[in-house]
Structure formats: structure tokens, C-alpha cells
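Structure in C-alpha cells, see below.
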Amino acid sequence: MTSISESSRPANGSRVDLPAGGGDTSVSSPPRRRRRGLGWAERLEIVALTGPATIVFLAFVMFPVAMAAYYGFFRWEGYGVPTDFIGFQNYITIIKDPIFHDALKHNAFIVVMSLVLQGPAALLLALLMNRKMRGQSVIRVLIFVPYVISEVVVGTGWSLMLQSAGAVNDALEKIGLGFLANEWLSDPDIAIWTLMLIITWKYIGFAVIIFLAGLQGIPQEIYEAAQIDGASYWQIQRRITLPLLGPTIRIWAFLSMIGSLQLFDLVYIIWGQYIASTAGTSTMATYMVSYGRNAGSFGYGNAVAVVLFLISLVCALTYQRFVLRRDTEGAVTGGAR
Amino acid sequence: MRIRKALAAASAALLLTAGLAACGGDDGNGGSTGGNGGGEGEEKEPVTMTFWHNATTGPGKAFWEDTVAAFQEEYPHVTIDIQSIQNEELDGKLQTALNAGDAPDIFMQRGGGKMAAMVRAGQLMDITDLISDETKELIPEGSFAANSLGGKVYAMPVAVLPGGIWYSKDLFAQAGIDETPTTIDELNDAVAKLKDAGIQPIALGAKDAWPAAHWYYFFALRACSPETLEAAGQEMNFDDPCWVEAAENLKAFADTEPFNEGFLTTSAQQGAGSSAGLLANHQAAMELMGAWNPGVIASLTPDEQPLPDLDWFPFPEVPGGEGEPGSILGGVDGYSCSAQAPREECGAFLNFIARTEVQENYYRAFSAPTVNVESQKIIEEPYLQSVLEAYNAAPYVSQWLDTVYGQNVGNALNVAVVDMLAGKRDAAGIVEAVKDAAARG
Amino acid sequence: MAATSVAPPLARKRRPPRQHGAQRRANAAVYAVAVLLIIVMLAPVAYIIIGGFRTNAEITTDPSGFPRVWQVGNYVDVLTGGVFWQQVLNSTIAAVTTTVAVVALGLMVSFAIARYNFRGRGALYALYAAGLMFPMTVAITPLYIMVRSIGLMNKLGGVILPQIAFALPVTVIILVPFLRAIPTELQEAAAIDGCSRLGFFWRMVLPLSLPGVITVGILAFIGSWNSYLLPLFILNDDAAYTLPLGVQAFASRYSVDTARVLAFTSLAMLPALAFFSLFERRIVGGLTGAVKG
């Protein structure tokens, strides 16, 4: 678990070490009242400080997750306590269910396309905007607006706009692009792309802001030195900016990936509880709610939740191991040479 | 050493919460106060009940408000809190409330397997003994059958809502269709003529899944014998080849592309873009729907009045099946009392809504046939009369299959039908999906 | 880094206008792109807001047009109906309580992890970091069961407590570096002046880590305000609904009245937007700080 703690901090060359394995690092103790253990009063302080948060956290995060694993072994309609123990049967059903496979495929698609669509575009936009211009802060505020609005509002608004006789098709006709008008939400071949469009619209501002912040962390002198050496604009971006932005990009990609795996609100609001799968936009989370709670199969729903968690965990750990490792070796020298 | 203390504290918290959780979620709080409903004297303890129904618009909503007001006048010690819940949300909210032991006292009951699940969990009041003799004279026994289980009645039936095809006479005339189709081939012809006239033949609210599934239920009704249907309901057995045959018939029909554009995201009753709305605004010619449809359509027309050229014909016959010709699918809407509701007052309310005047008001508000035989006499609309005729003459009546099979299998069946219509599954896939659902449940 | 400053004086001369890197002047093309970007970002928002000013007939016949007459009726109806304000109140109570609790509890834990040295420190930090792996979606069903067993169904408390718990991982992960960055010399100086560790916390740590605290508070607030899944499971009564639930319920109940739905939806957006514009600098600044470490 320590690898998670090291790399999930938003890093960009921060030198602060973390207490991996409990070793002491930056907190060096003043000489007086120092013995190997801790003072009585100190221990009390520590308990008082960590107690409330940890109790709430364990009770409302850790415990439910453990309970989810427990309920997953039962067949249960939700009344009273579960009594029908069926072992791994739910998990086997999940693994064999083609509808779940579809949801998994959709999630994978969303993960990849989010990175592909948002990453380069946000990078270019950040580069573009990282220069003196009038109204720079206004622009930054405005592109962040979609991120602030709740997914429910976004879903409601977009689904009204994307109806067959809705604003989007109508606007396309008005500007003469009527042939592009489509069944944005109902056509199973297109629907997932529509979903990607909406997701990109909502979250690209977030990526741009993060990249902008990262860009501002790059010292000017490096650019000047490169200029002196006669590098062109694009060469500079490729050889200097991109690698230095590496840790930022990798952290953003991690957050994006985890968010994509957990996507629920948007899909549920726009496509409802029944047809997300038919429309080709179901996710593991909507599958869980549709076939768990809404079907009265609470044991099954919990098993899906556990599977969702395990998949996220595997992805996260793999990502940590192979991608974020570099960031702990130092932001300037390590990485993409 | 310290960590152990922290861990001990945490474990204590966990044990505490676990203990609370294990005590079972049964607080038995039906929202009623002063449940001393047994008093026969003049001084009765005030009783409050909560009441959930699914009429969120127009005359239907007003009907319930008026009825409750009238009831409260007659029983002054009773107060009823009404909540009107959108039809698509009702099942989910009810389920959550029942699970939490926080159920409303009076609520709409669809019957079938959904009711069976509630009975199994001990959530419904057995009202067999609460039905007054007066009520028994007005409501035929057959209507109680849909809301009974094991010989006990769990809900008061209110409306009988058989399914069939609602259509616009004007649009039919425009397309040159003279007679309503009686066989599936004639229906295909009608569809072709409508398409030639540039009219969307059939409105389908597939987003809510059950409207699409109704098509499958009817094809199954035509293909399967009544015994097969009964057996499937009891044992969840779908091995009979008639189920796949029904799916294939539906597929053949759907391949002629009779449904409106974008049917996948068309809802059934919500808004002018819903399937009922399409019919109300003459943007589609037909819709397969239960007998509540006239009321829903009336709320969606531009002037919010009933559609003047609306008419009805029963689902066409499909040759080669084992179903009895003339069979019909019909849900019976009823109202149940929760097990924790105040017995006498809840029973009184259920008998109240079975009275003739109330039933007549129901008919006027919802434009739907009621179960009370006296109130049926005032039905004017010719199409409702046709509906009742077909219903009374039917050799076999089944409830909507998703109601029969319960929430888990019912939902899966509905979604599977939508999948097939959208081209994601083949005909056999529907039966597979149902079997898979039974495994999940 | 030092090497570059020893460059020969010749290169110090400012080069002619063609500059690279961050100092490049924005030209017309850049402005055009920025404007285009803003249009794309805001068009849907504009649609929702403007839609509330139209009549249903207009929306049906001319979906993407402007109102002929600006109907204020829809907005007035929503604002004067009790439902909207009730839900705003619920959302506000939930969000404020969550934020205050998250900041308080998170600060306490992060302070302990950052500045005390005890054996389980790494494990505790790892515990919170692992919490990032548990989205609400995973825990929602058992959470719902637990909340109903302790009798908090339909109450805001049933929403607030889990939200606090789920906001703690991000909080701890952001705050620990902030708190750790405060130099120990400061702590030693304070100790020499007779200040206890907790006094040090109040007087020096809190003000110094304010940017991080504000970032964390804002994230917690927005997260709570926009949350949908948890209230969906826990709040069954209309009266207890928060704004996202309210938007969805309103949209389905009044689906006939598209204009009114749009009015409700755009009013539901306003609090979040207002909050964001008030704290915009902090949010962006906080994210910048978090990214830079």
C-alpha cells in the first residue's frame, strides 16, 4: 500500500518524503524531552487528533466496503438480514454475464478516449493560454465552469439539447449542416461518442487548469537557454515542456482514469436505468444500480460493487507501478529521455 | 502501543455499528401516530396515514385530493398525507421505503410477482376480512384475483386496464385504412400504408423498457397456451419453445420498422416527446398501451383535452400459436395497506374508494374503466366500451408479464426486449436474458 | 539551473520579438481560439438559461432559437414555489456541515500525521490513501443499509456523515504536504517560547496552511453540493431532497413543461456558479499549489 501513498500526492518534483514504512524524515525532534518513545501527553494528543476522523472514516468507508464483500456472498432481496448464502455464485454470474462485459468494455473505452481526447487538446490549450493576454483570468474562469456544474444539471441540459427534435439538430439545420443531424442519444453506434463529447466538454477545463498550473512551474531560464541554443518553438515544447510537465500529466491521467472507471451520474441521468446497456453507454456503476438495487437483488449488487473496486484497484496499482514510479525519482532529471 | 489504542477505539466503533446493523432494519414505523384504531366509541384518537399514488398531472391528481378530502370529512379523526410520485419512480421508491421499514400506509399495488415479494417479506396487510359486504357486491370476484395470493386478498382493485392498440382515426383515414387490423398481416399492411402516407406508424416508449416489452407479452400471449403462461409465472420456467417463437414473431414485425424514430430514448408518458405525447399530437398513428392511455394522452394534447379522434382495437391475432384467440393482457391497479398501517382506518379507506360515486369520479378523471360494475354503466366513450367488451369476452386474461415475474426477472425481460428491438440480441436472446436474471436473483 | 545564468553577456541581449516559452505574446489567432473555446464551453449553459425564458410552444417549433418575448413567468414560478428553496436549504445545510467537518477532522489528522512521529503513522496515511480507491459507488449499498439501521434514512445526517468520510482521503492527501512543509525551526522556536504543540497549531500552522485548507474546503463543498448517488439512495422524501435530486425529480414530473424544467435547471446551477466565481482565484490557486507541491 505504500506505493499508493507515495504517488497519489499531486507531485511535481516536490521533495517531501512520505513516511513509507514509518521512517522518520523531516520532523526532527528538538533535543529536550526526547526519549525513544512518546510522552504520555503526546500520545493522548495523537489519539485526540486522529481519533474522530479515523472513526468516521472506518465506520462509513472501510466498514461498508467490507460489508459489501460480505453481502456479495448472499442472495438477498433487501428485507431484514441476508440468509441465503450462495458463496461465490454471484461473482461467477457477474463474470459470465455478457451485459457486464459490455459495461466493462464501455468503461475501458471511456478511460482510453478520455485520455486521448482531453490530454492533447488540453495540452495545446494550456500552451496557447500560457501567455500574456488580456482577460486571461476571465478565460480561465469560463472554461472551468462546466466542471463546477453538477453532472445532474449537465445531463438534464444536454439530454434536452440532444433530442431528435432538439436544439442541436435544429441548429445544425439552420447553419446548413442538416445532414449531420442524428439520433445522438438513441443510436447505439453513436451514443457512446455522444457520451464522450459530453464528458470531454465537462472535464477538459479541469485538465487545462492543471496543465496551466504545471506550466507555470517551469522556470523561464530553461526556455531562454534553449532559445540561445537556437531551438524552434515546437522543439522546445517537445524536449523541454513535455518532459517537465510529465508528472503533472501523469497525475491528471491517474485522476481521469479513476473517474472514468467510476462514472455513474451522467449516464444514469441521460439514459435512465433501463436502456443504458442497449444504447451502448452502460458503465459498471450503472450496471450495479440497475441489476442490484433496482432489481431488488441486493446481494448481487454488492458483488458487482466489489468487482468494480477490485478492477479499480488493479488499474491503480498497475499504473502506480509502471507509470508513476518515475515521479519519485525526481522531476527534472528522471523520465522521458 | 498507541496504535493499539486507536485500533481498539475503532473496533469498538465498528462493533457498535455492526450491532446496530444486526439488529435488523425493522423500525416498523409506518408513519401513523396514535394507532389506537380499535376504539368504537365517539372519541377516536387522531390517526395520520401516508398515501402514495402515481397520478402526477391534471385531473388524476385532483381526483385523489378530492377523494381524500371527502374521506376525511366522513372520518374526521383521520388525516391523510398524499404523495404523488411519477410512475417510473414509484417502484424504486416503494422498494426503498419497504426495505427500510418506512413504508407509506396506503400505496398503489401492481400485483403479481411484485406483490408476492412484498407478501413474502411480510410488508402487506391481509385485507380479506376488511372488505365490506357492500364492496363485495360491487366488485366481481375475478377482479380480486389479481390482488390475491394464497387465498388472501392484499389489495383493493380499483381500475381494470387491459391492453390494446390505441389509434388515431384521422391518421388512419389519411392513410386510407378503412378497417382496423384483426390479424398481424393486416397490421403489417396498415403500417405500410401509414409509411406511404408519411406518418410514423407506431409510437414506442422504449426508454422506459416496459412499453417495448408489452409487444413481446402480447406475442407471447398469442404463441403460448394459458397453461404454459401460468407455469412460467409459478416456476420461472421458460423452456417451452413458444417463448422463442413469440420473440421471432416480434422480430419479424419489428424488422418492418414500424416504430417512431429514436424510439430507444422516447419515454412512455413524460412530455410531448413521449410515445403518448406523439399520439396526442398526431405525430404517430398507433400505440400499444393499457387502458390508462386516454387519460395520459389527454394531459399531453395542446389544449389538454381528450383526443377527439382516439379509438381502440384489440391486439391482432397471430396464426400458428397455441394461445386462445381473444386472450387479453390486463393489469389491475389496486391499493394496498402496509402491514404497519392502522388496520381499521386503512380498511375504511379502501372500502371508500370502492364505492360507486368514487369509482365514477375515478373514471371521469382518468378516462379508464373501473372495477365497480355499477360505475361501469356510466362509461360513455365508445373506445372504453370496446375495451370492456374485449376484456369481459376474453377466454383468458393475464397480468403484465413483468408484474407477474417480479422486479428482478421482469426488469431483465423488459430490457432484453428492448435489446432485441435495437438489434443487440436475437430472438433466443430474450429467453436467455430471463434465465440469466433468474440466476442473479 | 545555475549554469544557465553564467551564459556569455552577448546572449543576454533581449532577442527581437520572436520569443518562445511562456512570454510569447498572444496574437489574434490565439484570441480567436480562446473565444471559440469559450463559446463551446458556455453554449449549453446559455441554452439552459435562455430556454427558461421561452414558452413550450416556442421550444417545440424552434428548438434552437431565441425567445420572442422574454417570459419571466417560469423563473418566477420556480423561485416563488417552495420546492426550490427547500432543496437549496437542504443542499446548503449538507454542504456547509460536510465542509466544516471535513476541514476540521482532516486538519486534525493531517497535523498528527505530518508533525508527530509515531509508529503507525505510515499505516494511517496509507489507510486514507487507500480510501481513494473506494468510490461511493462501491460502498453505496452497504452504506444505505447501515444508514437505515442507525435510523438516518431521509435525514440529511445520513448524507452528511458518509460524505465526510469519503472526502477525508483527498483532504488528508492534500493537507499533509502542506503541513509538513512548515519548517521545524518554526516549531522549535515556538517551543522555546513556551508554546505547546497544539498552540503552535492554532497560531502558526493554521494561518500558514490556509491555501491548502481553502482548497480542501472548496473541493469538499463542491463535492457535497453536486453529489447525486448518495442522496438518491438515502433521501426518499421529497422534502428532504437536495438540489441534484430535485432537478431530476422536477424534470421527470414536469416533463411536459420543458421551459419550466430549463428554468429550474438553470437556477440549480446558479449557487454552484456563484460560489465558484467568489472563490475562483482560490480554487485555481489551490490547485496550482497542490500540483506544484
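Letters are used for the chains, namely A, B and C, taken in the order the chains are written, and counting of residues starts over at 1 for each.
Definition applied: a contact is a pair of C-beta atoms (placed from the backbone, for glycine too) under 8 Å apart; a residue touches a chain by one contact, two chains touch by 3 or more.
Because the structure is predicted, anything quoted here is derived from the model rather than measured.
**Q** For chain A and chain C, which third chains touch each of them?
**A** Neighbours common to chain A and chain C are B.
**Q** Can you pull out the chain pair that has more C-beta pairs in contact than any other?
**A** Maximum number of inter-chain contact pairs occurs for A-C.
**Q** Using mean CA coordinates as chain centres, what's the gap between chain A and chain C in Å?
**A** Going by mean C-alpha positions, chain A sits 15 Å from chain C.
**Q** Between chain A and chain B, what distance separates the C-alpha centroids? Give it in angstrom.
**A** Whole-Å distance between the two chain centres: 40.
**Q** Would you pick out the residues of chain B that each touch at least 2 other chains?
**A** 2, 6, 17, 21, 24-25, 99
**Q** Quick check: what residues of chain A touch more than one other chain, meaning two or more?
**A** Residues 38, 43, 46, 50, 54, 59, 63, 67, 165, 293 of chain A each touch two or more of the other chains.
**Q** Spell out, as numbers or ranges, the residues of chain C touching 2 or more other chains.
**A** In chain C, the residues touching two or more other chains are 60, 118-120, 123, 145-146, 233, 258.
**Q** Given the complex with chain B, which residues does chain A contribute to the contact?
**A** Result: residues 38, 43, 46-47, 50-51, 54-55, 58-59, 63, 67, 75, 77-81, 90, 93, 97, 163-165, 183, 185-188, 271-272, 274-275, 277-279, 290-291, 293-297, 300 of chain A touch chain B.
**Q** Within their complex, state which residues of chain B touch chain C.
**A** Checking each residue of chain B against chain C gives 2-3, 6, 17, 20-21, 23-25, 27, 56-57, 83, 86, 88-89, 93, 96-97, 99-102, 267, 270-272, 274, 277, 299-300.
**Q** Over in the complex, which chain C residues touch chain A? Could you list them?
**A** Residues in contact with chain A: 1, 4-5, 7, 11, 15, 19-26, 30-31, 33-34, 37-38, 40-42, 44-45, 47-48, 51, 60, 62-65, 105-106, 108-109, 111-135, 137-143, 145-146, 161-162, 164-166, 168, 173-174, 176-177, 180-181, 184, 187-188, 191, 197-198, 222, 225-226, 228-229, 233, 243-245, 247-248, 251, 258, 261-262, 265, 268-269, 272-273, 275-277, 280-281, 283-284, 287-288, 290-293.
**Q** Where on chain A is chain C touching in the complex?
**A** Against chain C, the touching part of chain A is residues 1-2, 4-5, 8-16, 18-24, 26-30, 38, 42-43, 45-46, 48-50, 52-54, 56-57, 59-65, 67-68, 71, 125, 128-133, 137, 139-146, 148-154, 156-158, 160-161, 165-171, 174, 201, 205, 209-210, 212-228, 231, 233, 236, 248, 251, 258, 262, 264-265, 269, 285, 288, 292-293, 298, 301-302, 305-306, 308-309, 312-313, 316.
**Q** Tell me, which parts of chain B touch chain A in their complex?
**A** Contacts found on chain B: 1-2, 5-6, 9-10, 13-14, 17-18, 21-22, 24-26, 92, 95, 98-99, 117, 120-123, 206-209, 261-266, 273, 406-408, 411-412, 414-415, 418-419, 422-424, 436-437, 439-441.
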